[in-house]
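When the chains are written out, they are named A, B, C, D and E in that same order, and each has its own residue count from 1.
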Amino acid sequence: MNFFIISLIKAGIVAAVLMTTLAYLQWVERKVIAHIQLRIGPYRVGPHGLLQPLADVVKLLTKEDLVPSHVNKFFYLAAPIISVALALTSISVIPFGPEIEVFGVRTYLQLTDLNIGVLVLLAISGVSVYGVALAGWSSNNKYALLGALRASAQMISYELPLALAVASPLLLFNTLSLREIVDAQAGYSFGFIARWAIFQGPLPQIISFIIFLIAAFAETNRIPFDLPEAENELVAGFHTEYSSMKFAAFFMAEYANMVTICALATTLFLGGWHPPFPVEFGSNYIPSALFALCGAVALYHALHPARPKDRFTLPVFAVVFFAIALAIAVPALNPILAPLFWFAAKTGFLLFLFIWVRGTLPRFRYDQLMRFTWAFLFPVSIVHLFATALAVALFTR
Amino acid sequence: MLSDQLNQIRVVQALEAFAGAVLDGKLDRNELTLHIAPERIVEVCRFLKTGQQFVRLSGITAVDWHPMEPRFEVVYHLHSMERNERLRLTCRLDGAQPGIDSVFSVWRAADWYEREIFDLFGVTFRNHPNLIRILMPEDWVGHPLRKDFPIHGHKYSYKDG
Amino acid sequence: MDAILFLIFAAIAVACAINLVVQKHPITSALSLVGVMGALAVIYLLLGAEFIAAAQLIVYAGAIMVLFVFVIMLLNAGEEKKPARPSWFAKILGVPLVIAVLGLLNFFVQHGSPDSTITFGEYTGTAKDVGRALFTTYLLPFEITSVLILVAILGAVVLARKEMD
Amino acid sequence: MGLNGLIGPVPLSWYLMLSAILFTLGVAGFLLRKNLITVFMSIELMLNAVNLTFVAFSRHYKQVDGQIFTFFVMVVAAAEAAVGLAIILTVFKNRSTLLVDDVDSLRL
Amino acid sequence: MNDTLATAATGSKRTMTLNMGPQHPSTHGVLRILLELDGETIVKAAPDIGFLHTGIEKECEVKTYQQVVPLTDRVDYLANLSNNLCYVLAVEKLLGMEIPQRAQWMRVMLTELTRISSHLVWLGTHAIDIGAMSVFLYCFREREDLLRIFEMFSGQRMMTSYFRVGGLALDAPRGWDKVVRKFINEFPSKVDQYENLLTANPIWMQRTKGVGHVALEDLIDIGVTGPMIRAAGMPWDIRKSEPYSSYEQFQFHVPTQKESDVFARYLVRVAEMRESANIVVQALDGMPEGPWQADAPHVVLPEREKMKTQMESLIYHFKIITEGFSVPAGQVYQAIEAPRGELGYYVVSDGTAKPYRVHMRTPSFGNLMAMPHMLEGRLLADSIASLGSLDFVLGDVDR
């Protein structure tokens, strides 16, 4: 029964962290986009709008739960549940860190390690089309239906390059288990170049990493591929008729998909929790140093406040940052927190990329998007897969 | 009928081929206005477009000279980009059953302008492909830009007590 | 544990399959079929066929059935009108006949099949095994299926392109 | 079999029986339904039932061959779905109906 | 569910009617377009206008000449000063009035700033329609500066009514030249910013190149004017061909493109912004000194100081305020190059103090007629880009 208890605890922690991440990802996105666009973003609720996600949740929860009279009620209600359930499930196979020992219990920083972890993620992303398609169809609304048709066509089409891009690094690692994939990227060639998939011989997987990212933008319906919900043509696309928590469910699913796909990219291409350079060069101190730097910056700004309130809020941040820095530096916690930091940092960087692109690029047209995947992305990924296979066959065995 | 001063102008000379089409003319503030017989408007316009390079129809509008008769004056603003010249044609129409041929066949630009005049003045344009109200609601009663239409609209006027 | 899991998912599969036959609206039927496939995927896992379970979800539920749903949405296919009245003969005979057939099948299966039990986790046909068999013993059929797929793609494209009048 | 049977291993025959039931339901759907798409889906259901038998026997003989067969069935089903749905689309384009009974003449 | 999509399942053509607007994010106001779709291809597009019809032309007939000016602000509310200018020029033409140089130059400068502000709104909304969110906010940052300048001059951000028959409403405020110069010096670098985000962006080019093409002959025939027609290769600009308000004293190019697609219109408008900035710089450098109102006591309100001290001025003031000024009978058509194209005011006077008829030949009305040609046979997603390139203002269409 030990297994069940540990699993339950881990599931609880992961769920709590994931939910907070999703809520704050939305805050981060609004902030980053705002600063790109010369605005300040959420600022009223809490210091720097930090309580904004909470306020949003309260607002969405207390809104009237509206079900339009013309919808197909069963599927209308089922669609957001399908979306969010599938999106949240997929995080369960992602490994966050190495095997650790807490209170004498050895466990992996991962909910469950499957032999076919990669396939499970692909399967879930394949099935998650249903949430979108059903939402659009059951809403009984032209904009929603068009959005749903676009979404399903787009997601099916981009799954191919996505799967092919995933397949190339798998040839190097020779396994489908995500844990083993991360393990295969441990170590450093020549003592300092990390053996991540994008740096690893015989063929660095940079091209498939880029293909993966492009397909990931399309899979998660983000700009420049956000046609299913292109508000200027299709109002809100497949979730036009949704409000309150049902809308929030789609929103959450979108962000959960983003997190999952960034975590998968980190695991497959960026070496998971492994630091970018060896411990001998002090990679263990980087997290502490970074957080300490953040704390110092916060303190500096508290002394020279731009706004009167900062005098009181920023020291609190500084204290929090210093506390985190200390916690990471503690020898007993370092083996747990340092890998988690590297994993979170890489995933966070990819998420930032998603947001950055959203603030910069216009969106494709529907047919251009389809042509892009079938005429460009798909052939390129096949050729690259062949090249990788050839390289692996020639140089490794 | 036209003054000598007008007869110097190229367009007026060219239009002499249309005997009786040009009823009157005026050069006022450097703007040439020609008064055309309503039944000849389409052929005159076609000639001006093809023969005199007035390829652009800048706009059509109308003036209601209520209670004078003929009551309506349809005004065409023609423009030639090659000659950098503007020309105004006017047609006087009776107030009882105001109607004139559509110049849609000459310039497609006439489409909405003629609909607008139909909508706001109640002047019908024969041979217009789609003569329906454009600005006012379809079930609107009356033509707002007529001088006998009260500024408040019929709904708020005190006419009926 | 095994039997409970099996029974739960078998029940889901059967219920969904019945729903597929009974429901009037094609979309409902399609989603019922997705349910069957999901339940079958779990049962494959119980049987230790990991790769097939994943493929079931990716290929069947994630691609084929999405195509179905897509086409249904595209055609905006409505509910079936009430079918022509079935003959009284079929009505009276049908249900008992089905029960009889299933009973007979049960009898033969119980007595004819090898008397063995299956325990979860005892044996797994991993993706590696499947892959090895696929690219050695069954290489020729595998290559032929790829030709089949190619032909199917061509056929579908030709059918979709063709302007019929 | 008792309560013990419920937590113990599962007899092979149960899998085969489930497969039989699903196949029967597939046949029933194929025969009863009038909508082309639903008929098509019933065929898929039958294929799935057969797949289950393959996998069960593969497990029984502890050989991977049954799974390979299932894999091939899936590939065939995918090809079939692509062509079949294309045909259905064409039929619908030409006749604006999906009822099997109405699609009775050979010319499109 | 069968009839939900109003499908016309007749024969092999199945089309769907989509009601775009009057409330739709991309119609930029209350425009309704009835789209008939075959899949995502537009078979037929029928615009339905008039939702913003406020009867301004009718209202003009009961106002005195000077009172009409504030109404013209409301026509094209993004280019209000151009409307002011056009109306004022028409009435001045009727009156046969001479306007002092300083007022004319000030008018030129402010209408060019208006052109920039109007193009900025267009660029921002056009970009956000195609998904480039940030450009929108960058554009509105500069527009905000412009609105502040307008406020400085007239006391109003949008409904300026700054030009009056006979000159300006007020003299330019103290320190205006510094503010305008500061803006105009920075502005070209801001345009570079927009262009950095858009012009060479492959997605932007894919979305706009070859989209919404209409041949030049068709454009002329339909009555399209302004940047749209210049993007089709016709270098026709009323500022050049029929100069008004001393435009002949300024040096500027008329940017043209050949392709007549959305991208060409984008390039033309962006180039126009730069040209306008250029004109503003010239106006700043050479702004003549002198009176800002014509010497026409029966038309122009006297100065406050004079009114209080001179009997004659007081009488004029009283007469202008109570009954306005009478305008000799006649009819004029005054066209100017507004940001959207040819803006023409046709003013008929019967010799009284109120205009007998004011017709506004607005550019948006004429340009919008080209919309069906632009949309039919194209993709739904293209309709957004095409509509954006039309740059219409519904107040301008419906009046």
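To be clear about the criterion, contacts are C-beta pairs under 8 Å (C-beta built on N, C-alpha and C of every residue); 3 or more make two chains touch, one makes a residue touch a chain.
The structure presented is a predicted model; accordingly, all values stated were derived computationally and were not measured.
A.B. asks: Using mean Cα positions as chain centres, tell me which chain lies farthest from subunit A.
C.D. replies: B
A.B. asks: Please find which chain has its CA centre nearest to the centre of all protein CA atoms in view.
C.D. replies: Looking at where each chain's C-alpha mean falls, the closest to the middle is A.
A.B. asks: Specify the chain most distant from subunit D by Cα centroid.
C.D. replies: Centroid comparison gives B as the farthest chain from subunit D.
A.B. asks: Rounded to the nearest whole Å, what is the centre-to-centre distance of subunit B and subunit C, using the mean of the C-alpha atoms as each centre?
C.D. replies: 73
A.B. asks: Provide the C-alpha centroid distance between subunit A and subunit E, rounded to the nearest whole angstrom.
C.D. replies: A distance of 46 Å separates the two centres.
A.B. asks: How many angstrom lie between the CA centroids of subunit A and subunit B, rounded to a whole number?
C.D. replies: 65
A.B. asks: Roughly how many whole angstrom separate the Cα centroids of subunit C and subunit D?
C.D. replies: Going by mean C-alpha positions, subunit C sits 4 Å from subunit D.
A.B. asks: So which stretches of subunit D touch two or more other chains?
C.D. replies: Those would be 93-94.
A.B. asks: Among the residues of subunit B, pick out those that touch two or more other chains and give their numbers.
C.D. replies: none
A.B. asks: Mind pulling the subunit E residues that touch 2 or more other chains?
C.D. replies: If we look for residues of subunit E contacting two or more partner chains, we find 1, 4-5, 12.
A.B. asks: Over in the complex, which subunit D residues touch subunit C? Could you list them?
C.D. replies: Listed in rising order, the residues are 5-18, 20-22, 24-26, 28-29, 32-35, 37-38, 40-42, 44-45, 48, 51-52, 55-56, 58-60, 62, 64-65, 67-68, 70-72, 74-83, 85-90, 92-94, 98-99, 101, 108.
A.B. asks: Which residues of subunit C touch subunit A in the complex?
C.D. replies: 27, 31, 34, 38, 50-51, 53-55, 57-58, 61-63, 66-67, 69-70, 73-74, 124, 126-127
A.B. asks: Could you list, by residue number, the parts of subunit A that touch subunit C in their complex?
C.D. replies: Where subunit A meets subunit C, its residues are 75, 114-116, 119-120, 122-127, 129-130, 133-134, 136-137, 145, 148-149, 152-153, 156, 159, 176.
A.B. asks: Mind listing the subunit B positions that touch subunit E in their complex?
C.D. replies: My answer: residues 28-29, 31, 33, 55-59, 61, 63-64, 75, 77, 81, 84, 86, 88, 107-109, 111-112, 120, 133-137, 144-145, 147, 149, 151.
A.B. asks: In the complex formed with subunit A, which residues of subunit E make contact?
C.D. replies: 1, 4-5, 16, 18, 24-26, 40, 127-134, 136-138, 141, 197-198, 201, 203-204, 206-207, 379-384
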